[in-house]
Every structure is written in structure tokens, then in C-alpha cells.
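Here the chain labels run A, B and C in written order, and each chain numbers its own residues starting at 1.
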Amino acid sequence: MELLAFGDQGWGDEILRATFITIFVALSAFLIGFIFATLFVFFKLSKKKYLNFIGNIYTTIFRGVPELLIIYLFFFGGSSAIMFVSKIFGYDGYIEINAFLTGAISIGIISGAYSTEVLRGAILAIDKSQFEGAQALGMKRYVYFLKVITPQVLRLAIPNLSNVWQITLKDTSLISVTGLVELMRQSYIASGSTRNPLFFYLFAAVIYLILTTFSLKFFNRLEKRYNFS
Amino acid sequence: MKKITKIFLSFVTLFFLLSGISFSDNIKIGTEGAYPPWNAKDASGKLIGFEVDLAMELCKITGDTCSIVEQDWDGMIPALQAGKFDAIMAGMSITDERKQKINFSQGYADEVASFASLKKSNIKLGGLKSLSLADIDGKEQKTLDTIKKTLEGKIVGVQSGTIFQNFLKSGLVGKVNVWTYKTQDEVNLDLSSGRIDLSLAAAVATTDYNSKAGNVLKLVGPTFSGGVFGNGVGIGLRKNDTKLLNSFNSAIDTARKKGIIKKLAIKHFGFDASM
Amino acid sequence: MTILIENIPYLLKASFLTIQLTLISLIIGLIIGFFFSIMRLSKNFFLYNIAYYYSFIFRGTPLLVQIFIIYFGLAQLEFIRDSILWAILKKPFWCAIIAFSLNTGAYTSEILRAAFEKVEKNIIETGKSLGMSKFNIFYKIKLPIAIKQSVPAYGNEMILMLKGTSLASTVTLIDLTGASKYIISTNFNPVEVFIFAGSIYLILTFLIHSLIKLVEKKLGYY
């Protein structure tokens, strides 16, 4: 138990802080992903072939390549890409993106690929005739879309978005390779330093289980609320 | 609704607090934080060790503000080149292979390598005490041949991307079954559990682990230096960064003259490893 | 670029380990998943709960934690090292297989359970009214329908498992990801190597995808 003590001797406070980082990076990634998804879902549903193509490339690559490789690519390639762009604008120095942002963006883009598919499924599941309803009601198209279609899509998407959230939360464990001290990396450091991997990895597993269980409960509640009201 | 707005706003604030895009103004030094006694992390999450202390002393001399960045060993050089930090102080030996990609300052400390095994193991690797690959005579060759014979059918663990791995792959001791690990801690764990028969690492890294883990390991065979093992440990820098190279070189001179390196070496290694 | 070209044979050889890990884990995982899905349908309290918590634990934690517990964690226990199990747990390959199989087994059990539960009651009733035995109803009616229903979801799981095998590189194995990391640690050119490795994974994903489409066609989805 003294391994988990707070303060300078134990790892309790470090693991607690790392858990918050895990939660926060997962939330950020999920939201970044959702923003990507709302964009790419229109590409995928568009009647224009080239937009379709872009949308399909996005979801295929980011759901087909291991997360670890994508994180490495963003980590090593991200700064260079930005530096390349900034050179065009005349800035010649080094630009460094920190581990948190690298992690949130790379996991976010992966999460977005899954969310895109979820939203696409939900939009396709809505009765087609509804899309014609806008004219009938004399509403502007985007108002209609925002007020009538969006809530329905979200309601249909909640169960599967819950799955995407679980994937995203668990994927954050891989960000540890960028040096961001989230739950996995902290457990790694602690088990290396104390030579007690079993204890720290089991403890991390328990924390992940608590997080996934609570988020599942949250999504179930959300689902119930939107199905009855 | 107001509550949601508040939550959202605090979320966004926190996001921007944690995110950072920096346009380098201070000097960032990359270290592994998992290679005691060179560099490590303590239970309060702080980076510690010989190189962390030395980095601070060197920056005091040059008058720069420095910060220390944690980076996994296997990505150390790519991360330097990608601009994640400006200098490497991570127990990195100066070798010809690495010199093709990056520059090195003059060496600040000496490192010898050694095989290690479980205490109860009866593996023997010749009678020589130390072996320099720089000049291999009859005696050295005999020892290398003994090692080659002994390593047949054995598994040797090393940290990946190290001089130790290069040595085992060099053919000097035959074709060895090498397992590579992300950190030295992992090598030590698998050596202690008996998954691997031997490890090859900096002698001090094994001794340090041993002193904390209840003396389950022992060093075997000669200590190695020279050749693929390089010429001491130095600061790794980008090829085009000659300004930083010069300033670190003169800072090392000053630190050596003042006895700072020696003092820190004795504090962390228990003997004078400075050079 | 030349570094990449020099290393292509090495990367392709490593891809074999990736394929091997994926296939063996999927086969073992399928067997595990099948039995646990049946346990989930059982009315026996113990059987049900064992299967429930197995799936709950392995789906609720990251694969990386699971593989570390099995590889580094279990090796720490002396009684494990003294037991016969050590012959298997000593080998990184088998540790990876154990972690991957248990992980994919948990997801597979959920896919199959959902499929079994969806088999409509009246079809089963029909079987009963035809005088079929319980065993026959299961093998001739429930199982074929459930398998057919789970093919698309299982296809996704196969792709997830393929991606999951990249974590084998964390326990000393030189799979496709491990090999790319190795090249980078000695040659220091990350981006092109990772893009090349990513393309091989994409090709493998595409192969799995085509296989599933073929099976769907054979089973008559269209």
C-alpha cells in the first residue's frame, strides 16, 4: 500500500494526476474526432465523387492502420510538417508541438474516423422522406437540418458513439510513447522504478475499468433520456 | 444550459493550458528518464540523475535557460531532428554510426559495457578484466572467441538502438540471439525473471539496478570499450546547430576545470567517470 | 529513401509474424468466444457470471495493459516461474498470443451472444414443433443463423485484431511495427518507414475486408 502513498515516497498522487490527464486527453480526442466526423460524414454522403473519395480515404486509413503507427507518424512528422508550412511563410526556426496536443490530435483523428461511420449509419437510418419535409414546412434548409434532423441523428448515434468513446479512452494508453505522462506511462514509470509491474499494471487496469464502467453508465442514461422525452 | 456553458468553457480553457505549440526560445534538452544512474525519474515524477544535474550546471555556465524533456530512447535521434528538443543528454555514446546523423560535443563521461547474468548462473565469459575493441591482440581475440562459443544457444537482452545491440550484431561474437527492449528496466526485469540468459549494458546501469533489487544479478566477463562502443558519452546535437555545439563544448571545458563533472560523477556513480 | 528500400525484405519478413499472430489469435479467440457466448446464454449463475466478467474486464481495459500484465506482471511471481506454465509464459510469442486471444475472445463472445439473442423465437418454436431435439435446434437452426448474422461485426473485429498485434512490439517481438521501430532506432528516418509499414497494414486490412465480403456473398446476403 505504501507504493500508492501520496507525496514524495509513493506513487498515489502521480497516478491520480495521470488519470486526470487520461480522462482529459480522451475527452479532447473524442471532441476533436466528433468535429472531424461532422465534416467527413458530409463528404461520405455527398453526391460528388471526389468528396466521397476523400471521405473514404480518411475512414479507411485511420481505421485500418494501427494506432501506434499513426501516433508515431504525428509525433515525428507533425512538427516537420508544420515547420515546412511555416517556412513558406518565412519563419525559419523550430516549432514544437507538445505531447498532449500530439496525442489529442492523433487519437482524435482516429476517433473521428469511427465517429464518421457512426454518424453516417445514423443519417442513413433516418427516414428519407424527412429530408423533403423542409420544403413542406417552408423552413430554411439549414434550420430544418439543425432543429429536426440533428437531434434524431444524435439520438440514433448515441449507442455507437458510446462504443467510439470506449475505443478512444483505451487508445489513449498508446499516447504513452510520446512522453505524455498519462495513466499508462505513469504506471510504466512506477513499475520500472519499483520493479513491481504486476501491482502497477493491475492497478491501472482497475482504473481503466472504473472509467469505462462509469462512462458506459453515463451513455446508457443519455440514451434513456433521449428515447423517452 | 448555463451549467453546460460553464463546463464547456472550463474544458476549453484547460485544453489550451495543456496544449503547447512553442517557438523555441529556451534550450530544451532531451533525456530518457529510465537509465539510472545516468538519468531517471523519482516517485514525485521529477527527472533526476547524473545528466539532469550536469545539464543544469552546463546551462548555468552558458547562461541559458534550459528545460529538460522526456523522450523514449528508441525515438531519441528522430525527435532531436524533428525539433522536439535541441540537445540529447541521455547516456548516449559517441559513435561513428550516430555521427553520420548528428553532431556530438566532446565527451563528458566514460562508460564501459558489461554482460550480466543471474547471480546463480554459471556462465563464464573468459578471464580478461577489460577489453578494448580499439586494439585486438591474441589475448583479446581469445576472449572474444570464448564469448562467441558461450553465447551459442543463449538469449541476450539489450535495450534497442544501443551500442550494446550494435556490438552483438557486429559479428565479433558470432551470430547472437538478441532480444531488444524499450528500456533498460525491462531488460533487467527479464534477466531477473530468467527469460533471458544474459544482458549487455553499461556496467553502472546493472550495478545500480542490482543495488536496488536485492543483488540478484552479477556482472560477467570483461568490461568493453572502444570500437563500436564509441568514445565516451557526449551531448547529441543537430548537424546545423554549430552555435550550440561550441557553447556546450566550452561549457564542458569549464565544468571539467572546476571539477563539477567529477563531483557529480562521484555523487551518482560512486566513482570518477568524468572525462 | 535508400534506407527504406534496403529494409523492405526485412519489413516483409516481419509482416509474416504480424499475419501469424493475427491468425493464431483469431482462431483461438473464436473458440474462446464461442464457448463464452454459450455460457452467457446459460441460466447457471456461475457460468453466466464468469462469462460476463471475463468479457467486462477484457473489453474494459486497454490491450496494452493486458499484454504488460501477462508478460511483465506474471513473470514477477515466483510460483508462476516455478510452474509448468513458465515454459509458455517465458516466450514473448506465447504471451502475446495469450493476451490477443483473450482480448479478441471477449469481443467475439459479445458478437456471438448478440447474434444468438437475435435469432427469432418463432423459428426456434417451429423447430420444436417439428420435434427436433434441443441439440439439433441449436446446431441446425440457431448456430447457422447466428453465424450468418455475426459475419459483418466479426469482420470488424478481425481488423481490430490485426491492428492490435502491433503491440507485440512492446514485448520484444519483431512484428511489422517492431521492425519499423528497429529500423528507426538505427537509421533515424521515421516518416517514410512508418508510411511504408502503414501501407502494408492497409493491404492486410483490405484482404480481410475482401474475405468478409466474399463470405457474405457465399452466405447469401445479396
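Convention: a residue touches a chain if its C-beta (ideal position, glycine included) is under 8 Å from a C-beta of that chain, and two chains touch if they have at least 3 such contacts.
Everything numeric here is computed off the predicted structure, so don't read it as measured data.
A.B. asks: Looking at chain pairs A-C and B-C, which one is connected by more C-beta pairs in contact?
C.D. replies: Greater number of contacting C-beta pairs: A-C.
A.B. asks: So, comparing C-alpha centroids, which chain is the farthest one from subunit A?
C.D. replies: B
A.B. asks: Whole-Å distance, subunit B centre to subunit C centre, using C-alpha means?
C.D. replies: Chain centres of subunit B and subunit C, defined by C-alpha means, are spaced 37 Å apart.
A.B. asks: Where the centres are mean C-alpha positions, what is the separation of subunit A from subunit C, in Å?
C.D. replies: Distance between chain centres, rounded to whole Å: 22 Å.
A.B. asks: Using the touch definition from the top, which residues of subunit A touch two or more other chains?
C.D. replies: 72, 76-77, 80, 197
A.B. asks: Residues of subunit C that contact two or more other chains, please.
C.D. replies: Only 72, 76, 181, 190 qualify.
A.B. asks: What parts of subunit B, by residue number, touch at least two of the other chains?
C.D. replies: Answer for subunit B, listing residues that touch two or more other chains: 75, 78, 82, 186, 189.
A.B. asks: Where on subunit B does subunit A make contact in their complex?
C.D. replies: Checking each residue of subunit B against subunit A gives 11, 14-15, 18-24, 28, 33-34, 40-45, 69-72, 75, 78-79, 82-86, 183, 185-186, 188-189, 192, 212-213.
A.B. asks: Mind pulling up the subunit B residues that touch subunit C in the complex?
C.D. replies: Residues in contact with subunit C: 73-75, 77-78, 81-82, 97, 101, 157, 160-161, 166, 179-182, 186, 189-190, 193-195.
A.B. asks: Could you please specify the touching residues of subunit C with respect to subunit B in the complex?
C.D. replies: Residues 72, 75-76, 81, 90, 92, 170, 172, 174, 181-182, 184-186, 188-190.
A.B. asks: Along subunit C, where are the residues that touch subunit A in the complex?
C.D. replies: By the definition above, subunit C touches subunit A via 56-57, 59-66, 68-69, 72-74, 76-77, 159, 163-164, 166-167, 169, 177, 180-181, 190-191, 194-195, 197-198, 201-202, 205-206.
A.B. asks: Which bits of subunit A are touching subunit C when the two form their complex?
C.D. replies: Touching subunit C: residues 60-61, 63-70, 72-73, 76-77, 80, 166, 170-171, 173-174, 176, 184, 187-188, 191, 196-198, 201-202, 204-205, 208-209, 212-213 of subunit A.
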